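In what follows, a single structure is set out as structure tokens and then discussed.
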Amino acid sequence: QPSPLSAPANDTSTSRVKDESSFLIKRKPDILENIHMNFLLRSSLEIPDGGRQSSIRLNEARFEVLGTIVPDLDFRVRYHLNSSQMPKDLDNAPGSLDYAAVNYRFGRKKKWSVNVGKQAAFVGSWEFENDPTYEYQYSEFVNFQTNLFMMAIRFGYQVNQNHSFFLQLHNTDNSSFNTTQANAGYPADGLKGAKNPMGVYATWQGKMFNQKFLTFWSYDISQYASGKTNHSVALGNKVILNKFQAYLDLQWAALAVDYINLATPSINKYQQMVNPAFTPVFARDIHYKGAVLRMDYEFIPGWFITAKGILESDSQTKNNSTIGKNFRENIGIVAGLEYQPIPSQHMKLFGYYYYNQVKFRHVVADANDNQHLNLFAVGVLYSVNAF
Amino acid sequence: QPSPLSAPANDTSTSRVKDESSFLIKRKPDILENIHMNFLLRSSLEIPDGGRQSSIRLNEARFEVLGTIVPDLDFRVRYHLNSSQMPKDLDNAPGSLDYAAVNYRFGRKKKWSVNVGKQAAFVGSWEFENDPTYEYQYSEFVNFQTNLFMMAIRFGYQVNQNHSFFLQLHNTDNSSFNTTQANAGYPADGLKGAKNPMGVYATWQGKMFNQKFLTFWSYDISQYASGKTNHSVALGNKVILNKFQAYLDLQWAALAVDYINLATPSINKYQQMVNPAFTPVFARDIHYKGAVLRMDYEFIPGWFITAKGILESDSQTKNNSTIGKNFRENIGIVAGLEYQPIPSQHMKLFGYYYYNQVKFRHVVADANDNQHLNLFAVGVLYSVNAF
Amino acid sequence: QPSPLSAPANDTSTSRVKDESSFLIKRKPDILENIHMNFLLRSSLEIPDGGRQSSIRLNEARFEVLGTIVPDLDFRVRYHLNSSQMPKDLDNAPGSLDYAAVNYRFGRKKKWSVNVGKQAAFVGSWEFENDPTYEYQYSEFVNFQTNLFMMAIRFGYQVNQNHSFFLQLHNTDNSSFNTTQANAGYPADGLKGAKNPMGVYATWQGKMFNQKFLTFWSYDISQYASGKTNHSVALGNKVILNKFQAYLDLQWAALAVDYINLATPSINKYQQMVNPAFTPVFARDIHYKGAVLRMDYEFIPGWFITAKGILESDSQTKNNSTIGKNFRENIGIVAGLEYQPIPSQHMKLFGYYYYNQVKFRHVVADANDNQHLNLFAVGVLYSVNAF
């Protein structure tokens, strides 16, 4: 299976790097043989339309150390250098810490594994699994909809070289429900935190057609507010050819309580328009669905075009709700050009255009204006493998 | 003496590691010979009783680099990846920084040393000196009673292989008295910060009985509020046998002003019960005493049982105070089972039970209810020596 | 040119280190040949005069990794371990991050370079370019007047071994104008943030007289508030002899709006004295000028004396303003003694005296008292090159 501990992460030029690596072999001492230190860096000049200010922005700055000191035992720590280090109240881990995990393989033929600590949700989003240095703009699924770095205990079983299955017991969120509700500024509304605010991902990773087609599919069941159950399904699919890569991620989620608070504000705004005395609360019974397609093509050695499309929507249809189907839609398009001057190094000069629209439908549209963004960016990214 | 710069820190399986290390020698280049990078990781699923929420928690995540580049000159930096990085106002260092110190040995036969920077109080608590990865639950002495990571200048003299003496000039706290008082929400009450809010530890480290019995004893005198002097004594004692280790730490402290604010709230609550107009202030003349006993036994190679008992109490007896002896008691019991599958690696799968009680006596008990906690935890710890 | 990626940074004992390095060659594996990890540490006991509290303070604690993995491509990351990690709103980078930059050389003979990311302003202040471990006290130019670590895209052209020219496109500040104004607590006063709150440094670095005399000169034009243009000139000059080093930095700046907010409060205080109903705002048309002179002399091998003088002033003369010339002056004097016991290591035991005065003139002096500080400090610094 794609190792969660490989360094550096997947990118679009893997094949070229491998071809060249035989010319670049450097003597590495035994002691560092399987220890890696990485930095993920991306900076760009962003020029948005309208009254928004232009600026040069630090898009990525992460520090990573990972390794395998003895066979069958791995560790991984990854850390944002540009986000708050305050620990959250449910998991005692800060948002700046992506990974702080230990992975141990055991059993006959080492087919079993257990991974404990702060880690990535094994949800099956190729957009999220990609080296973040390379993802210029994310879907709302990655940015908000799903809690992607969390405390978990993940059990794995590798059936053969091509197929693995996982069960991942996880905290539903990093903060407690009461804290999340207080931060949103909502009253209790009959809700309280679950005694066990946890869930389980059941995940399949597969490689097919001579490892040219990869699947990463999951089902999750979790609770956060007491007595309210969430379900979600994610189907990540990826094609890797010589000069071309693409992924298509398909996602569904059903939240009894929309504690994500992404679709909720538009409903609250509508309810307050109808009834000015209405007190904002978390919306109930929100259904999310989303699709993300990205394609990368190396049209000349070292030159890439990349294109990405995002389509996501929220619905509330239970009990014939007037809110209705697809009352909120998020649409994103990225089109970019990349130049990688040094084949062995994951450094690229890039430029891209990004269009984003958030669109409202039905009664919710009466109270919420659609939002548009046009953005042009040029910059440099470098996924540094220091050793 | 036990070097404050050894990597990784003491643990319960040292003897087994040494036996095995001859089979695990890895080629290390000269340049890294005496440079070490460590990560301290512990995560566990914690299941408390009562209405408290269960969750998987990040118990430890620290990053450490230390080394000796040339003989007689050491540096050590250790950093929490999961606590706030805001500097405190008296020492300009954040709580997340355990160590940022330079140690220099000098004089004839290099028997003298000076250690300057953020460092551990040389107080003589084996509980605190233990690798924090291994200490599942701490006494209040470590968590609150004593300021254990602080700015200091420590002079040492090594009499012989078995005995060393130290004088450590240190800031009493990380924040100024005025800030501590403001954070507690108390009025000045006639107190102000000392011009020199510092103290001195006088410490003896000894090894006896063929280095099977270790002492780590200290006396400290300090001031924090102007004209108010604090005294404390700590006697740390440790036994190291082949399959068995134990320590017994005994501690006393006399605080003219209880700026620790651990015993104070229960007295304030009592005073407000007697007189609702009473304004909360720091209690005066608090006497603390504590004892911590921990035992570790490797009953089968790779399998350990561990047990820990904590007993601490506060008294206020000056001028026949009605508050009286042992008006607040903290009792803790930890019983655990550990499995270390790979002898050379400080990685353990563990489960433990923790009982904690805070108990009030005499008049203070009229206003404060006793508190109880039962906790069961399972998880993984790994004190990683990356190189 | 002096490489921005050299490790460790310039210091006053370079010549001695080079002499000795042939005796200290350590085997370094290929993989780490051009990768460096550094720690900058300085701690001291500071004893100020008057009612101020003495304390041992952590003056410096920075972590740095930099390197050149393949020719012509460098990266550099440097990080404060003792300042807040919250990202600023304009650049998405925290104040704790000094560097997170990628440098790429290109073109015929690799004379061209582009450096993108969080980086140092190429302003030409030798005081600022010096390893911060060695600068005990900074001028206001470094501390406040100039935004020295910022997001930028820097193009360079190396004419020959001795002369280079640079154009650095940069964000004017790390936060947006609206945030800066809100943090200062001032009303809009007819100002708003520029659509493009950026500027450009044009810089010359030169080496003359057998590389014994170094120049680092720049001109900058930038905007921050909409329609308000800032200009500045900096002339950094440095002499490097065998046992003696000195730099003289000369600086001018003209700010249409004093968003630095260093000179502004004294004017506001005066305006409020004249008219108690006056609402504090950013002062307009402030002219700054400054000079910093530092000299270091190794009078006995391993023993250094250091002296530094700072003189800075602010004026407001446009439209015959009553505020006038040099209405605020900052004067600083540092005199110190350093002992470096190990020639190959940038570790020094030091003591210094610091005098600082902020002085007001003309009408502003009627509302503002002069301020004085005397400070004595002893401590240890170590610019650690771990590998």
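Observations, loosely collected:
Letters A, B and C mark the chains as written, and numbering starts fresh at 1 in each.
Keep this in mind: a residue touches a chain if its C-beta (ideal position, glycine included) is under 8 Å from a C-beta of that chain, and two chains touch if they have at least 3 such contacts.
Everything numeric here is computed off the predicted structure, so don't read it as measured data.
A rotation of 120° superposes the C-alpha trace of chain B on that of chain C, rounded to the nearest 5. Of all residue numbers used where chain A meets chain C, under half belong to both copies. The two sides are thus made of different residues.
For the pair chain A and chain C, the distance between mean C-alpha positions equals 38 Å. Taken residue by residue, chain C touches two or more other chains at 29, 32, 85, 96, whereas all remaining positions touch fewer.
Here chain B touches chain A in the complex through residues 24, 26-29, 32, 37, 39, 41, 43, 45, 51, 53-59, 61, 63, 81-85, 96, 341-342, 344-345, 347, 349, 379-380, 382, 384-387, going by the rule given at the top. Contact residues on chain C toward chain A in their complex (touch as defined above): 29-33, 35, 65, 67, 69-70, 72-73, 75, 77, 79, 85-87, 90-94, 96-97, 100-102, 104, 106, 114, 116-118, 151-153, 169-171, 176, 193-198.
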